[in-house]
Amino acid sequence: MNDAPVRVTVWNENVHESTGNPPSMAQDYPDGLHGAIAQAVAELVPGAQTRTAVLSDPEHGLSEEVLAQTDVLMWWGHVAHGDVADEVVDRVQRHVLAGMGLVVLHSGHFSKILIRLLGTTCSLAWRNEGKREVVWTVATAHPIAAGVPNPFVIEQQEMYGEPFDVPAPDELIFISAFPDGEVFRSGMTYLRGRGRIFYFSPGDQEYPVYHHPQVRRILANGVRWAHQPGLERAVPAVTNPATGPFSPSGD
Amino acid sequence: MNDAPVRVTVWNENVHESTGNPPSMAQDYPDGLHGAIAQAVAELVPGAQTRTAVLSDPEHGLSEEVLAQTDVLMWWGHVAHGDVADEVVDRVQRHVLAGMGLVVLHSGHFSKILIRLLGTTCSLAWRNEGKREVVWTVATAHPIAAGVPNPFVIEQQEMYGEPFDVPAPDELIFISAFPDGEVFRSGMTYLRGRGRIFYFSPGDQEYPVYHHPQVRRILANGVRWAHQPGLERAVPAVTNPATGPFSPSGD
Amino acid sequence: MNDAPVRVTVWNENVHESTGNPPSMAQDYPDGLHGAIAQAVAELVPGAQTRTAVLSDPEHGLSEEVLAQTDVLMWWGHVAHGDVADEVVDRVQRHVLAGMGLVVLHSGHFSKILIRLLGTTCSLAWRNEGKREVVWTVATAHPIAAGVPNPFVIEQQEMYGEPFDVPAPDELIFISAFPDGEVFRSGMTYLRGRGRIFYFSPGDQEYPVYHHPQVRRILANGVRWAHQPGLERAVPAVTNPATGPFSPSGD
Amino acid sequence: MNDAPVRVTVWNENVHESTGNPPSMAQDYPDGLHGAIAQAVAELVPGAQTRTAVLSDPEHGLSEEVLAQTDVLMWWGHVAHGDVADEVVDRVQRHVLAGMGLVVLHSGHFSKILIRLLGTTCSLAWRNEGKREVVWTVATAHPIAAGVPNPFVIEQQEMYGEPFDVPAPDELIFISAFPDGEVFRSGMTYLRGRGRIFYFSPGDQEYPVYHHPQVRRILANGVRWAHQPGLERAVPAVTNPATGPFSPSGD
């Protein structure tokens, strides 16, 4: 194994920020949601190299070159999913299947890239009343839950609830509860192609969730988990190998 | 496939009933918890043949002969887990691994048989205040959820909460929410050996939960799911087969 | 539960048949691959109502009306995946997510519909030398394996081998072995949306695999497993429910 | 996260070694199977601290103190499973459920500890003719497969074949093929309690398998995967918490 530092690109549509809506953004996230997320990763993942990219950048900041140098891509989108170019979605999907990690956050459940990779509608129930979210760990031995108290509480959050139309995850790590009786599978992993995907729902433009110490810890754990040091990126492809003995070491 | 009617044995420790504790048992469950459960199955599973067995029966009512004629065993226990003879647990485990279905209910999470089959402590958090349980379906395409509204509500229940120390299930079907912020994986399946196991948590000696129409429906669906018509029961065993061509149809 | 008979539509691109390539098709499959598959289902699933549809039909024979009356769609394609209209793929995906069963066969691993629903490349290794496939059951308690000898042998088959770029299945049922050392996850299930998907690899245009008694049995078991009697079809959708107490029975 | 070095205890029954059976042991494994395994870990896991323990040691070398200082326990047993004291098995199980990693090797499939933790018979088919095993990776993005060629070949091995009576794993990583048509799920992970379990089948007393570079790499990857740095060990236990608001950070 190779312990090269992880290179993380935090992508954000950056629309709430640029439109000042909600007004609390300026105070909660002076550097944008992407800024807060990148800062959490930079602080908590030793050696992490972070950069950010936004919708309005050329190619949304996700050129072939950027993706080739990204070990883990984090994705935050909400009101502008439809503005993400299909060509960029194709490129991101190709990189994930080839081995890039992907951490999809909150309203990113409805991003083109997650829908593409999971194959379902990714629909859910929601209601935004700023109520308490209690986050329970159900896979206590999973590295993404390392060091996380069980449960922890986010004082104010948008409610995301079941039914959440996603495939049964490879690993269900967190389940959240909301005061009016809703529950949500809030932390889940999926291996797809050669890549690792982590979806984590807590996080919203209206509440300072990305400053919560446990949320930050989980973002960092998720990045570490999704990172495959030393992996040579290659999209899985059809092969038509000759018959014959395999070489002794598979070389 | 064979559509032979399912033969169901409902096992109950029958201690709450025989000791009249809580006093509400006599009114809620005049025929015992096992009686109510068996009645739900008999009514809702076409052709089902039900019988009951209790702790105080010889061999707890679970002789070799009874198990050999049982397609699906349902299990309710609470205060007397320790009184179940290891020899009977061995026998039930052997039948499950050989193909008998097992539906474990509520406080049966702590039964010797479930702990034996799952290998973990099966511990959980609990608090009995008779509050509302909201049951969400998260595997909407699963046969055990067929016809069940999403969610449905049980007005009064004991709280069972995470962390629930069980293996990640083969299929997670239901998640329950309680008003003070707890959640629980309340419906789960496990294939073990040749047998099928369904754990379902709603149900308690203090509340008339087994008369709830959705709970009854789920019990019936669970029995149908766990039943393997026409299966010849055989415990998996080590084999040391000769080298040689397999016969064309595997006979 | 409802025991209404299952309505099955067998879709085949029907190109090998219409072009007489390979020439053995005429003898092995005088009614086409779809004909042989439909016959297996009609014979082995009590009450099944089968119909067939092919690429050259208007809307490929998969109009909204046909899909609305199809409980389980079976899919065989190979050389003409690219000729399937995206609009039809959209429609089929919508119906699967809304609750229609889907059984994808052999080279259908590379169909637009499976790639769409799974989100990966679905690539694999292959080599066609007409060698022996040994099919092992690894989920002995699964209904799709009911009555199937373990293992069974197909005397002549195309080799499909790992790495098979699909998500880890919800349930892995069969693993196949080929004489030169390849293995393949040959029977897998996926729940997606409200629908059930079964992929089964044995079956090829060059060999009479769909006349093999165990393959036919598995096709029938797969149809029964994928069928959800009485289900009202509905695509999962975002909801924004009001706060408030849930009604007692979830109505 | 904490990057403390992993402390590994390699347990071996040490019976083949002490009885000189087979005679090839002296040449293949001059330091015993445990010696070869410990050496692989020491070489390939940076900072690993290894020790060994054998059946004939007091308490089989697995005292409370040793286990408390063991992050990952590796287990090799074959002819003496029955001689392992139940009291020691209880202790190991307790430590695994409390967070210790466990790597079970080859014929350890039939160890008391694995059967206890998995709840099934763990039976399989076997035949020892020293033939070729081809090991395929089916979870290409899993850390235990990192750097492993797909496939790799072990020139001489005992055949272990399906049906392997274990629960469907949390993650299926490797599938092996043998020349006469058998297949085997040869690398699988299970989370149980707070602990992580990896079963890996290649490895036998008659063949120098533990000197194979890819097998050694997988042992090292498995140890790294099973290690939870900084985890405070605690067996999951029933709790009966008071009603009340959770504290903001779950403390």
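Chains here go by letter, A, B, C and D, matching the order in which they are written, and residues are numbered from 1 within each.
By definition in this document, a contact is a pair of C-beta atoms (placed from the backbone, for glycine too) under 8 Å apart; a residue touches a chain by one contact, two chains touch by 3 or more.
Worth saying up front: this structure is predicted, and the values here are computed from it rather than measured.
Summarising the inter-chain layout, the chain whose CA centre lies farthest from the centre of subunit B is A.
Where subunit A touches subunit B, over half of the residue numbers in use are shared by the two copies, so each contributes mostly the same positions.
For this pair, subunit A with subunit C, the centres built from the Cα atoms lie 32 Å apart. Measuring from the averaged C-alpha position of subunit A to that of subunit B gives a distance of 37 Å. The multi-chain contact residues of subunit C, meaning those touching 2 or more other chains, are 134, 139-140, 150-151, 153, 163, 168, 170-171, 181, 191-193, 236, 246. The residues of subunit C lying in touch with subunit B in their complex are 1, 3, 46, 99, 134, 139-143, 146-153, 155, 170-171, 191-196, 213-214, 220-221, 224, 228, 230-231, 236, 246-251. Across the complex, subunit A is touched by residues 97, 110, 116-121, 123-127, 129, 163, 165, 167-168, 170, 180-181, 190-193, 235-244, 246 of subunit C. In the complex of the two chains, the subunit C residues touching subunit D come out as 132, 134, 136-140, 150-151, 153, 161-164, 168, 171-172, 175-179, 181-183, 185.
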